[in-house]
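Chain lettering (A, B, C and D) follows the sequence in which the chains are written, and residue indices restart at 1 in each chain.
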Amino acid sequence: MNYSSYIALIPLLPLAGFVLLGLFGKKYFKTFSGTIGIFLLLASTVLALYTAYQYFFINGKVNDVYQSIIPVKYTWLQFSSGTSIDMGIILDPISVMMMVVVTFVSLMVHIFSLGYMKSEERFGTYYSFLSLFTFSMLGLVVASNIFQIYIFWELVGVSSYLLIGFYYDRPSAVAASKKAFVVTRFADLGFLIGILILAFEGGTLDFNTLIQRLTDTQSSQFISITTASFLGVSVLTWALTLVFIGGAGKSAMFPLHIWLPDAMEGPTPVSALIHAATMVVAGVYLVARLFPVFSINESSLHIVTWVGMFSALLAAIIACTQTDIKRVLAFSTMSQIGYMMFALGVAHKNGETGLGYTASMFHLFTHAFFKSLLFLCAGAIIHLVHSNEMQDMGGLRKFMPVTHLTFLIACLAIAGIPPFAGFFSKEEILLATYHANKIVYVIALFTSGLTAFYMFRLYFSIFWNKPKELHGHPHEGTFSMKFPLIILATGTMVAGFIPFGHYVSSDGKILETPFHLNFSIAPVLFALTGILLALWMYKKESNRPHRVASALGGLYHSAYKKFYMDEIYLFITKKIIFNLVGRPANWIDKNIVDGTMNGIAYSTAKISGWIKGIQSGKVQGYALYFFSGIILLVIVVLYLWK
Amino acid sequence: MNLNLLLLIPILTATAVLFCKGLKQVRTVSFLGSALQLALSFILMYYYWQERTAGNNAAFLFEDNFTWFAPLHINYHIGVDGISIAMILLTSFVVFAGILVSWKMEQLSKEFFFLLLFLSVGAYGFFISLDLFTLFFFLELAVIPKFLLIGIWGSGKKEYSAMKLALMLMGGSALVFVGLAGLFFNTNTGDGSHTFDILQIAQMHIPVAVQKLFFPFVFIGFGIFGALFPFHTWVPDGHSSAPTAASMFLAGISMKLGGYGCLRVATYLMPDAAQQYSTIIIVLSCIAILYGAFATMMQTDLKYINAYSSVSHCGFVLLGIGMLTRTAITGAVMQMVSHGLMTALFFACIGMIYDRTHTRQMSQLGGLLKIMPFVSTVFVIAGLCSLGLPGFSGFVAEVTVFMGSWEHKEAFYKISTIIACASIVVTAVYILRAVGKAIMGPLAKTEYGLLKDAAWNERVAAGLLIIGIVAIGVAPFWLNQLVGPGAESIMNNISNAAVIK
Amino acid sequence: MWNDYLQLMKSEWMVIIVIFILLFLKLGKKERNTESLLHFINVLLFINLASGFIYHRDGSLFGDMFHSNSLLAFEKNVLSLGTLIISMQSFHWLKNHKHILEFYILLLSTLLGMFFMLSSNNLLMFYLGLELSTIPLAALANFDLEKRVSSEAAMKLILSSAFSSGLLLFGISMLYGSTGTLNYLELSQQLTGTPLQILSFVMFAAGFGFKISAVPFHLWTADVYEGSPVAVTSYLSVISKGAILFVFVSVLYQVFHHMALAWYNLIFIISVLTMTIGNLFALRQQNMKRFLAFSSISQVGFILIGITGQSAAGSASVIYFVLIYVFSNLGAFGVVSLVSALTGKETVNDYKGFYKNNRVLSWVLAISLFSLAGIPPTAGFFGKFFLLLAGAGTTHQSGGQINYLLIVIAALNMVISLYYYLRIIRAMFMDSTEQPIEKIKSSFSPNLSFIICIAGILITGIASGAYNYIYSLVK
Amino acid sequence: MNGIPISHILFVSTALFFIGMYGMFTRRNMITMLMAIELILNSVNINFVVFNKYLWPGKMDGIFFTIFIITIAAAEAAVAIAIIINLYRSHKSIDVEDAAEMKY
């Protein structure tokens, strides 16, 4: 166990990149900024891979069980003797896995952006933000302390804010960045309160100690947190649900998903980063990190399952109707994250029942490859077409063969066609749900069909269909843009063959995940149906999509409108919060609180006016007051107040 | 380390300013004086650490005590603990930055800088006082310069705001006076005489009935300074009418006088009453936090936004004090420091924007990031600090308050903590709204395109404040260690009181 | 024997000598250089003041009707100092006045009356001193003979004061009737607080209340202050009031201390009324003199709180406050007097934009007003703090907690009073107007007086010597 | 003279006092008001003399006081009348209601 502190460099190198580029990027490095960012991150990636190698193959195991190791830990803020925020690095299967994913995907995005953002004026700033984003996410995944995760959680939020609002002179980008931040902030409130409850009940903020205390049925903390209840629900359920709300916010689970489509306002490579490796998987990671605690509490797991399930289905339905390619991808992310969530929800602590856990993490892993690939492809396409709308595209396969091919690979992967990565992970998830909950299984199966449909709808509309007029000489991007696509496509093809259960499992032991041919027939059939349907509708230009849409009528329309979620939110915020809370608060302040103070002043002046008559200017009046004053005082002193 | 230097340097600087001619001399002298003071604050902190590491465990260090008015048992007694040092550092940062941003104050420059420095004397003196009279003296010292600064150099309905501020603050200090007098006459030094000495009073046990009677006076009195709901109405008007440096001082330091007073006088000296009234304090501060935040949401003037958000943020200070746990009190002090730096930065930034565009209305601003990247970036940083982003001081302070508040078992405390927590969402809304409207978006007016970015003095001022904010945000442990023992001794007093009863 | 008369009555003799010098001057030639005459008189007054510090001795004269001690000597010095300052400040007004010598003779006569009143140890002596200090003042109030308001003011003053001294005398007569003595010491032993004595005490106190303009005996104040020449107004508001306050404290504490229960309540009520009514009226005043009149009324309310303290701290705080009040109020009146003499402008509106052309004068007025409002670091802060502290710390049994009510009321009144003081500051510094008052060309005497006032305001507070000294005298 | 009880004389003095008071409050002529004040002073004089004679005959305090009051009242009246005369010059009236310019 000789992890020296070089591990700390993994997150710190991107931080250095952020500081360096943020302070000097614009003035001194200019176009050189990208290279600096890439090299720093490359170093980070190499270190992460080395760490993974060390951990998984050399010294991560004790008695065949992967241990949770904390090689670096500093006390950051001491609250009381037991509780403190520590800045540390935890090494366990999921964190190591995530470290690799984050650095790798981020590196690809960095490289891709070199070409994509070339002409951008704030090139240095862009890279510094990317570095910050990477740093935040790395800090999040290695967090050994629940508050550390919250800190980086917030930093992830602000990085996404900065990147989504990167084109700050577009009002829509500003609004989208604000929306993303506020919605996730709202969710973070739940997370924060959840942390407070857990920290209070567990008496610590340290993950390992916390998990150990709260899962040990003999410990006083466990007894207290499970027996105490609030509004009839046990405190543990409350805490976990609140933590899950935080996760749901970042992971865009229903009903906190509304920021996700708008977040497409940012530069496309950023979307790749957000969707594949950073922000949105943070919620899944959080649940996975606290999984031992979740696993002893059925009710919270049910919530995770159903929210994940519903989000997956809802997003898939909406994705079928969207016309903006990035939005389709965004909803597909939401749907896939839903998969990961309910996979976690159906899992249990030990052995075979923990399959969902492994499956979820596996899916997270494979999803990172194909989703970043999809987004980068989309970036390349948008770079060429200068539009996000499907109707502006068509027949692009001639102009961009590399993109076409890699996109197809990614689509097949996400649709769950063997032997691409998505197939394996998705199959594991379905297997896990099949054993745990048949209803979920059926819906998941249906959703996977939908997934295949909307992905191929996208594919056919972009690359086939009727070619659109493109001005200039359309050509694929530079090498720096093609290179990441190829790498990621390779990853997508091979990632599925990793025996994931050997490395990541709910109890740290090796979990064999045998391949059942019989079982995988159904999902593949569903996927193929979806693909064929898409082929039928979108391969050539026709009015079939239109006919189908009008046949579905209201359903289509409301799915197109994202089931009016935005409108509902707008109503709540604008009408209810703004008008019913903000405005009255302001009114009260202006009129009642302030009015009281002014009223005191006013009435003092008024009284002063009333009594001015005493000073009549007439000596006799003065004498009268004088004399009556004496008499009154005598009466008071003698009789009234002795 | 002789603490009198902390008073002497600003006084001498202020006096020197009186003999200067012209803006250039005046500002050079003020700059040097405040720089010296800043250096001195750091030296003080250095010596403090040295004493502490040498094992000096006295509650207060560098004490200086001499009899002032012997017949009334009034002493000039000064000394510092970690809390005071934190506040002194804050003050010297803000004053230094304030002088830098007023670099081009042409109108009556001599008077302006004199009053600013004079104001700082009040703040420094207040933070080092260990005698209630001395403390009160410095508290009131810092009121009238504010009135003049706002009234003469302010903007908008400045006379009204200045008058309102002066009257409300004076009202506050009048209440404080009643409380102090009440405390004084219920002390007994053993030979039947009374004392104003904070250390001595802390050792005594003032009868609970007396505490209950006078605690509200002291607390509300200081609370008015610290924007306690519903006595916060001077805050928005005062801040928004004041000139930049005065706003910085007002929000950055002056409001902290209230918090510090609540802590050092009300809670420390009347622990029983503090416990009795904690429920009310918590309720009021929760109202302030949430209600201030919602009121901020409705503002359109940048200064009003920051002023109302100060109400909300200072609610955390009072909440921390009301919660009466070591962590919460530490958090309250941290919040004071953090809010001081952050809000000073915010006001400096708004001042820079106003100097250039001559408007503070959000509707007339927009797209400033393009033409004034530095100012805009600073604005965003201040905003992010305000909404409690980790890495900046605001987060550290708020989280400490939350953690401290949550240490109580009863549902009441939990619920109030949750209410306070809820403000982080509202804060995000109004901060991002301001940033989105004023800084981002398309350029509001074409003539803004010609505006210049920050000058060196503004850069230094903002940079300094940001360094302070980040230093706390990234490495909070030093502040925690600085403040912790002070909070500890206050808590000891409270728990002792609970035992004696 | 003669030694006693010379030494114990040293201050009185000095004033008498100055009066006689002036009388002889009056007999001499008619045409004089007024400026040098005024300087000469100021020098005389300065010698008078200086001689007060030289030597003093305790003792009594005239069969214990007159007594002297170091505290009284100090109080007399305060009054002499105030007179000197007023004299210097009225330089510009008197320079063009025909009857300079008469002014000073009358003025010094009242001062002499006050000295006797201070030193009195017997009600008869007290009454004589009181009348000697009052009647010439009425003549002084009418000193701007050609002005309508001046004569109206004088008429109001003389009629009211005659009326009040009638009531005062009625009170004294009943005191005499119930005790058979006029001597303070004997009186204090005889007084037990029977209803008759309380009745007579109230009438007696009303006489004091009239002079210090405590509500409800204050109604003459504003009119007289407004109508009289500024020099007389400042004399009335500072010297006359201060002298009576000195006497009032010692009479209450010495003579009536067995009746403290009764007069504690009385002073309590009067104090609250005085502060509140004074403030409420001051809020609405436009004329600076009238404004200062009401402000001085509310100041008296604060002083009365100190009197309720009934201890060494109480009387020390009152004397200390009067000393500070001399500096602060005269600083303010000095500026008003100068502006009034040179421009004839007396209303608050005239002071708008005053700072533009008259920086130093503005600061003098501002600092004086801050001192009156009780803002640190001016002495007024210390003065008010000690007054209220003395009031809060009353050892009296009926005091107890109820006195905190008084302190709360006082504290609130301080806020109101701050408002109107700041109103003047606001007019001077913040408001702008088309035609602010031009640059005022002051001369040596007023300038010196301002230096004395400001120095006094800034030093007597922070340097604790003054208070400690007074306390040691009282003790 | 001994036959007259003290209460009778005190009744007279009190009556005089209130008559003076009444005059002070109701008469508008300044000179008359001055005379009313003199009545008050005279009631005081009677008081002093009576108290001295009946209650405290040992010393002459009361009598002396009376003499001083009479003297001072004369001085007061002199100054007052001078002022009233001056006032008449400017106001052409000695009605106290006419001299009420300064108020509120």
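Keep this in mind: a contact is a pair of C-beta atoms (placed from the backbone, for glycine too) under 8 Å apart; a residue touches a chain by one contact, two chains touch by 3 or more.
Quick caveat: nothing in here was measured; it's all calculated off a predicted structure.
Annotation of chain B and chain C: jointly contacted by A, touch as defined at the top. Core chain by CA centroid proximity to the global CA centroid: B. Looking at which of A-D and A-B shares more C-beta pairs in contact, the answer is the pair A-B. Chain A and chain D have Cα centroids lying 96 Å from one another.
The distance from the centre of chain A to the centre of chain B, each centre being the mean of the chain's C-alpha atoms, comes to 36 Å. Measuring from the averaged C-alpha position of chain A to that of chain C gives a distance of 76 Å. Centre-to-centre separation of chain C and chain D, using mean CA positions: 27 Å. Counting partner chains per residue, chain B has residues 167 touching two or more of them. Contacts with at least two other chains are made by residues 601, 612, 615, 617, 619, 623, 627 of chain A. The multi-chain contact residues of chain D, meaning those touching 2 or more other chains, are 24, 33, 96, 100-104.
Interfaces, counted as pairs of touching chains, are A-B, A-C, A-D, B-C, C-D. Interface of chain B with chain A (complex): residues 164, 167-168, 229-230, 232-233, 236, 291, 294-295, 297-299, 308, 326-327, 367, 369-370, 373, 384, 387-391, 395-396, 399-400, 402-404, 406-407, 411, 417-418, 421-422, 424-425, 428-429, 432-433, 436, 439-443, 475-477, 480, 484. Residues of chain A touching chain B in their complex: 26, 75-80, 83, 85, 147, 150-152, 154-155, 158, 161, 165, 168-171, 174-175, 177-178, 181-182, 185-186, 188-189, 192-193, 196-197, 199-200, 230, 578, 581-583, 585-586, 588-589, 593-594, 596-597, 601. In the complex of the two chains, the chain C residues touching chain B come out as 312-313, 316, 370, 375-377, 381, 385-386, 388-389, 392-393, 401, 404, 407-408, 411-412, 414-415, 418-419, 422, 425-426, 429-431, 464, 467-468, 471, 475.
Per the touch definition, chain C reaches chain A in the complex via residues 155-156, 159-160, 163-164, 167, 195, 198-199, 202-203, 206, 210, 215-217, 219-220, 222-223, 261-263, 265-266, 269-270, 277, 280-281, 283-284, 416, 419.
Contact residues of chain D toward chain A in the complex are 21, 24-26, 28, 33, 96-97, 100-104.
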